[in-house]
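Going by the order they are written in, the chains are A, B, C and D; count residues from 1 in each one.
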Amino acid sequence: MDSVPRRKNSVEGGRGDGEQPVEVMTGMRHECGVFGCVAAAPWPTQIDVAHVICLGLVALQHRGQESAGIVTSEGGNSKNFHVKKGMGMINSVFNDEAMKTLKGNLGIGHTRYSTSAASEEVNCQPFVVHTAHGVLGVAHNGEIVNCDKLRNLVLSRGVGLSTRSDSELITQALCLTPPGAERDGEPDWPARIKNLMKLAPLSYSLVLMEKDRVFGVRDPYGNRPLCLGKIVPINNVYPGEIVEISKTGIKTITIVERPHDDPQAFCIFEYVYFARSDSIFEGQMVYSARLQCGRQLARETLVDADIVSSVPESGTAAAHGFSRESGIPFAEVLCKNRYVGRTFIQPSTRLRQLGVAKKFGALSENLKDKKVILIDDSIVRGNTIGPIIKLLRDAGAKEVHVRIASPPLQYPCYMGINIPTKDELIANHLDPIKLAKHTGADTLAYLSVEGLKLAVRENIDNKEHKSVGHCTACLTGQYPAALEW
Amino acid sequence: MDSVPRRKNSVEGGRGDGEQPVEVMTGMRHECGVFGCVAAAPWPTQIDVAHVICLGLVALQHRGQESAGIVTSEGGNSKNFHVKKGMGMINSVFNDEAMKTLKGNLGIGHTRYSTSAASEEVNCQPFVVHTAHGVLGVAHNGEIVNCDKLRNLVLSRGVGLSTRSDSELITQALCLTPPGAERDGEPDWPARIKNLMKLAPLSYSLVLMEKDRVFGVRDPYGNRPLCLGKIVPINNVYPGEIVEISKTGIKTITIVERPHDDPQAFCIFEYVYFARSDSIFEGQMVYSARLQCGRQLARETLVDADIVSSVPESGTAAAHGFSRESGIPFAEVLCKNRYVGRTFIQPSTRLRQLGVAKKFGALSENLKDKKVILIDDSIVRGNTIGPIIKLLRDAGAKEVHVRIASPPLQYPCYMGINIPTKDELIANHLDPIKLAKHTGADTLAYLSVEGLKLAVRENIDNKEHKSVGHCTACLTGQYPAALEW
Amino acid sequence: MDSVPRRKNSVEGGRGDGEQPVEVMTGMRHECGVFGCVAAAPWPTQIDVAHVICLGLVALQHRGQESAGIVTSEGGNSKNFHVKKGMGMINSVFNDEAMKTLKGNLGIGHTRYSTSAASEEVNCQPFVVHTAHGVLGVAHNGEIVNCDKLRNLVLSRGVGLSTRSDSELITQALCLTPPGAERDGEPDWPARIKNLMKLAPLSYSLVLMEKDRVFGVRDPYGNRPLCLGKIVPINNVYPGEIVEISKTGIKTITIVERPHDDPQAFCIFEYVYFARSDSIFEGQMVYSARLQCGRQLARETLVDADIVSSVPESGTAAAHGFSRESGIPFAEVLCKNRYVGRTFIQPSTRLRQLGVAKKFGALSENLKDKKVILIDDSIVRGNTIGPIIKLLRDAGAKEVHVRIASPPLQYPCYMGINIPTKDELIANHLDPIKLAKHTGADTLAYLSVEGLKLAVRENIDNKEHKSVGHCTACLTGQYPAALEW
Amino acid sequence: MDSVPRRKNSVEGGRGDGEQPVEVMTGMRHECGVFGCVAAAPWPTQIDVAHVICLGLVALQHRGQESAGIVTSEGGNSKNFHVKKGMGMINSVFNDEAMKTLKGNLGIGHTRYSTSAASEEVNCQPFVVHTAHGVLGVAHNGEIVNCDKLRNLVLSRGVGLSTRSDSELITQALCLTPPGAERDGEPDWPARIKNLMKLAPLSYSLVLMEKDRVFGVRDPYGNRPLCLGKIVPINNVYPGEIVEISKTGIKTITIVERPHDDPQAFCIFEYVYFARSDSIFEGQMVYSARLQCGRQLARETLVDADIVSSVPESGTAAAHGFSRESGIPFAEVLCKNRYVGRTFIQPSTRLRQLGVAKKFGALSENLKDKKVILIDDSIVRGNTIGPIIKLLRDAGAKEVHVRIASPPLQYPCYMGINIPTKDELIANHLDPIKLAKHTGADTLAYLSVEGLKLAVRENIDNKEHKSVGHCTACLTGQYPAALEW
């Protein structure tokens, strides 16, 4: 087995949210979003599902902005899939001409964050493969934790792999017929999918398309989210669930169990940062969970102040929660320049400070002589909060107390999230007191791990989500499974 | 004189704010932003002003996103200007390679909204011209109201004009020597600028660069804003003022008077919509003016409700003002998808509604069974508010009361702002009651013109801004000057 | 097995020669060129083989201009290949930056004609695959005649295929371990290649690269050419030969036999049209063979005339041969406009004639009152010769006698050459007399098949090329092998 | 007046002929081609002249390949011109979409060689200007020899110039009304053109378009060629002639005299190298003149040999002439690779030789043991002939005698032709004996200046071209006019 470095160790930058698409300085980022769709009988026949998938991908665009793809099929006797993939945002890839070619009432789509442009075009998803049992389309989000083992298995079967991507690996692993998987000459894709899930239980969401069916698959640990619905997403797919979507409706094929009675491990950072605030996971709205984080943060770290405010926009929900819990009024203190992209070469500290000023403007009349509690959702490298504090002070703030609505980030993720190396995570170098000093804050405090767990559990409908459990590996170092990697 | 249509009558779409860069459906847009800079003596010599101008243009990017340009000079004996202009956002035009060529300690920059891409590259500003008295750089924001008259004057002097742009017209008008403008063989640019300002008193902000000087010029009516500062903008240039910026400092050359004792006419929509909320005009912060609009709106149009909210983000400042004045708590009810661009072909009403859903997500837990007052800054064509109201109701809102923090838009602007034709302005077709019905609101109300004037005057420092007056032409039809156009 | 149409049946245009790169109207075209190289011990170590491969590909550029690729390796313990592939001409794909990344002393390259741009980028060769026995690079020229059978075999082994290309098929077929192919844990690539050649004996040239070796492979029928040399190509690879090139030198691994004692079948159109005139095949220079075709044509079809001339440049060698054999002086009568590309929309016959005039100019003083014999290498669709004759007559030619230095083209090729469908081949519709009338020639005659065979055999060194035999399928319908397709 | 260097002194490379479009190493190049057209009454109304102009520009493409433009008008009351200009070859600029916009029955076109891509887009011709007397389109070929003087005049009249191009200068000079130029309120463009021709008598061809007329203008010295015709060019415009083309026909407005009774000065290198061989100048076909150059060269420099050959394709006409005069048979010895572009980084002499081998292939069977006379049209830097000689010798040539069908190039051109600096011209460093040694030729000889003059005069129809005279400045240093530059 060769020693090509896993991409998880490569140096990568960029936070995937909308406001800083090409920023080099900060944080974590999500790698992908997937979407599948079948137009059922009463669907107006003149509407191709590609339009619906496009809408779905736009709604997932915050999970990846560098390439996008859609594969559709007319089902039935049609033998070919229609494919359109390309580098760039969804709206640039799927122009009118592209949409016209994407005929059919079945389809899957993918949006993705990739590190290098041209050379990676071959890695754009969905993948389409011709197999002995017909054409198959595959799109996935996440990362196969034991990919080396799976790769060796595939190679040993005489298959050549042309990329290092998990997608090609998953695709070829699905093609390799598991013992007894075919019945009466018909391809038994559910059996193959189950086989794959046992070979590789963590971590991914998959959508697969064959002749007349789309499958939605969520890994047994439930680490990556996946939703299911009619037009508008309404239910989460259960951990380990294989859902079949066809013209006749939606049905659960099976629910694959976790190994060793391991508990469920839904990524807790989906609540903190990744997900859109109107998403609903485990029965609760993400915005509400963030509001709860703010309330809990106020309970844990209250300090005397005139106003509560936020670094827009990721900290705003928590700031409103903090304000309501503490009774300290909320007021905006920063306005954001939406056009700021990469930072220019800045030959002096003076200009560097101006560089920060570019991205945010201080609302001086709201700050003058005020004691401010400033809420942000998380701290990764810690290099943006300092200049913001400087900006607030220059605009007249008397005190600035930083409150972070999540615990310190200390460990890498091997489950599809790009987090800087341990060495780059500021929390591994400076405790809150030193970090306050380093950034120029009067005080700085984090939400506790227990507080975060409390916040995201509070509204859970216990009947439906009784086995709730979260992956907190990046905060605690406790990974969900003892897989050999 | 030929009859080529003025561009103000051409069909154009697109609102220049960050969230909907290529949206076809809505509103008004600002056409340009200008910026000039001279690095004075103590400036670190290794820093080219181009970096500072870039920062300045990024801060002005919301005023134009389709082309950008910078012209710099090393001053003194150097005979050539360094020029870099191009279609696209600032960050794409001014890459590292471009920045290296922009040497020098003097410079001007421009950011612009243009309607068609390739064919308009020749119109990118700043313009550079070689004249009998050396090289001159020119960038402007605004629109020459009596351009036909000025154009005929220039043509009659034997000059050929290669474009229809005001920029080329201004440039050639400056080159035509006015009587007695040169003194002792030296070019008397201030006299030429004054001459131009008398020929064309409305409406523009100009920055000009010659050998060792940059001039900042604001039209006598003060219709377009222009600020002046050291690193950070601190003062507005007075209406009619010509400011000279050179290594020896900043000085006022003259203040050109308005014709007929006309009052000042600063564009009131800069407060309502165009300007960044951290800008300071006439001694007051734009955010505060918007907050006041919200307070005034509450006084004029209060209704019983559970929460006050806004269409993010342009209505948020006013919503906080409304909340404070009324005592009704503020809560967010919409989250925004930052990646939404142009609308896809949508073959059915069902999909069209989904199309709106793409751009905003409703925060259902905040809305459930609530009576909501929804604040927006303005209504132009009125085709976005309806689907938003539908979205809120679908998410559980019991009542939706729309409150607009500005008066009805009813008239075209000839002073540099693109407003849809009178016929496209919804306020010319539906009164508030009919518009409420049309959009599905329970009630709908605007701020009064008097209320708006009150809001933007309230904090003015009377000593410095005693002659304050605003252009409300788009709201009242009262244009600032009776110029023949 | 699904019924996706073979690309050989697809509608394609364009003649691959240099003078008409995007012409839609005419002829046949070659699909690919391949090149492999190993730098042996005394090679100056500072020179990467990529430069040599580039030169080689440029020399092969006439065999394909739409994409190009090079794969190199540093050999020994290095685990990764360096890959650069892209759409476009060689000089645009392999810029300085690309060349810097192509380190190593082993490499293979490919140049290719593809039909559609963006969507085909995944098909650019060489292919690189990771296998259980290390990395493998593959480039091929030609077409697997029994590809459906081979494809079914590969699919039935549980391999998914993501494209319809022969390249991916060859690659995966090589990866599937044949019985007993591995020895002592070492990969036995020669055994795998032999296995492939037996599964698919027709038609291709292949270059393969593994850790420390490059293999050159020519199909058993010898249908596609492949040369071998030190810096400059000197010898043809024998039909069926597998050549291994490594640091220790060049050696023949084996020569795979043709099935059923079939005779050799080298494509005779390489002499007529495809090959560069300085190429040497079967011991003779292509230019000389063309000269002989001209001589033979004079023997078979002489007519009284003042001058012999050619359609530049493909007919010029034959025209010189015709002139020498007949004693009629050669003179140029057409000059070519090198910049003519696709034909514009031409709304009238008059303009269409001008369109032809664009591509060629008549040298009137050479034509005035002359009886002209005009030589061309071949006629495909027959739509360019008519306007040329018109042009010559308008410029004063008294008679125009067309002589074609090859027999009528009547049948499709399934061995890597794109020929229009039978229906589009003019020779299937009009005999020489009717074609003369149709095109406006006084007379028109072809070289006979026997004459062509005579011309290309005449100089052959019988010792080295005793088993010479040619494929004349496109002229006679006699295909080299009775393979089931 | 500032001292920006004239572009004629800038370092530029590239020979404008078709075979080596991006070659850096060699020669001279022509800068532009112009074309004008009016569709007269019986013209089929559904055909826009843009198609005809396109054909014309393609025929002129060898005179400039980096940008192209067409301006058309519907004449009569229409006030606007239709403009399409762009960087690139004609076929890429004028796609179907562009052609659709170029309505009308009047038009002018331009094709141009420019040195730098993006920044020069503003310099693409034709220029269109709005003037006090309507719209004017201007395209020119050549170079204003006394441009500094003309520039100062224009600037002193209060006109700003935005580029350094002669085109803008010509345009503005035409707009400046000369004394008494207007009659009865109607614009008197012919008087303005005459005025310009007196201010700047050398060297250009111009086409101008106003409302209903196209003007063709050739400079009084006749230095640049310009032809006139109905569909197909038939007559040269006389030196100094202003031709008016309108719906009512073609008429000569006037013929402007040369200053000081200077003789005519048609560029002799048009015959040697620039023009297409089917062009007719001064009553003779260019191909015939080149044939005569070859005959004359044989008379002056004959040497014993087996064959006469040429460097394809520029030397072929002369080689045929040499062969006929000497009786030594002509044979091709080099085949050309049409795909060779810029030379790659070549780290050794060995590879550099291979680099040359790329561009030409030697036809060894034609060369073996032969004494070869090799004809080329001209020698500029002298760095390509050496490797060609090496190639011929390696392929078996016994002797190589180089014969150049023009005299040594020794002086710069200020009249629109880009020639390397004096120092780069090899003839200024090495006499024929030393150059033969330097390049590896057995002998090397040039045509004499008198021989060249003889060759280009021989067929002239004395009645029509009695005052024939040629500019030989680049060969003799005798410039046609003593203008102050």
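Assorted remarks:
Everything that follows uses one rule, which is that contacts are C-beta pairs under 8 Å (C-beta built on N, C-alpha and C of every residue); 3 or more make two chains touch, one makes a residue touch a chain.
The chain lineup, named per UniProt: A, B, C, D = Amidophosphoribosyltransferase.
Keep in mind that this is a model prediction, so the values were computed, not measured.
Comparing mean CA positions across the assembly, the chain most remote from subunit B is C. Inter-chain spacing, taken between the CA centroids of subunit B and subunit C, is 61 Å. Subunit A and subunit C, compared by their mean Cα positions, are separated by 50 Å. Rounded to a whole number, the gap between the C-alpha centres of subunit A and subunit B is 37 angstrom.
Touching of two or more other chains is recorded for no residue of subunit C. In terms of which chains touch, the assembly is arranged as a closed ring, every chain touching its two neighbours and no others. Contact between chains, per the stated criterion, is found for A-B, A-C, B-D, C-D.
Those residues of subunit C whose C-beta lies close enough to touch subunit D in the complex are 17-19, 22, 44, 46-47, 51-52, 54-55, 58-59, 61-62, 65, 89-91, 94, 96, 99, 231-232, 276-278, 285, 287-288, 313, 316-317, 320, 330-332, 335, 337-342, 344-348, 350-351, 354-355, 357-358, 361-366.
Residues 2-4, 79-80, 86, 118-119, 121-122, 127-132, 136, 155-162, 164, 171-172, 174-177 of subunit C are the ones touching subunit A in the complex.
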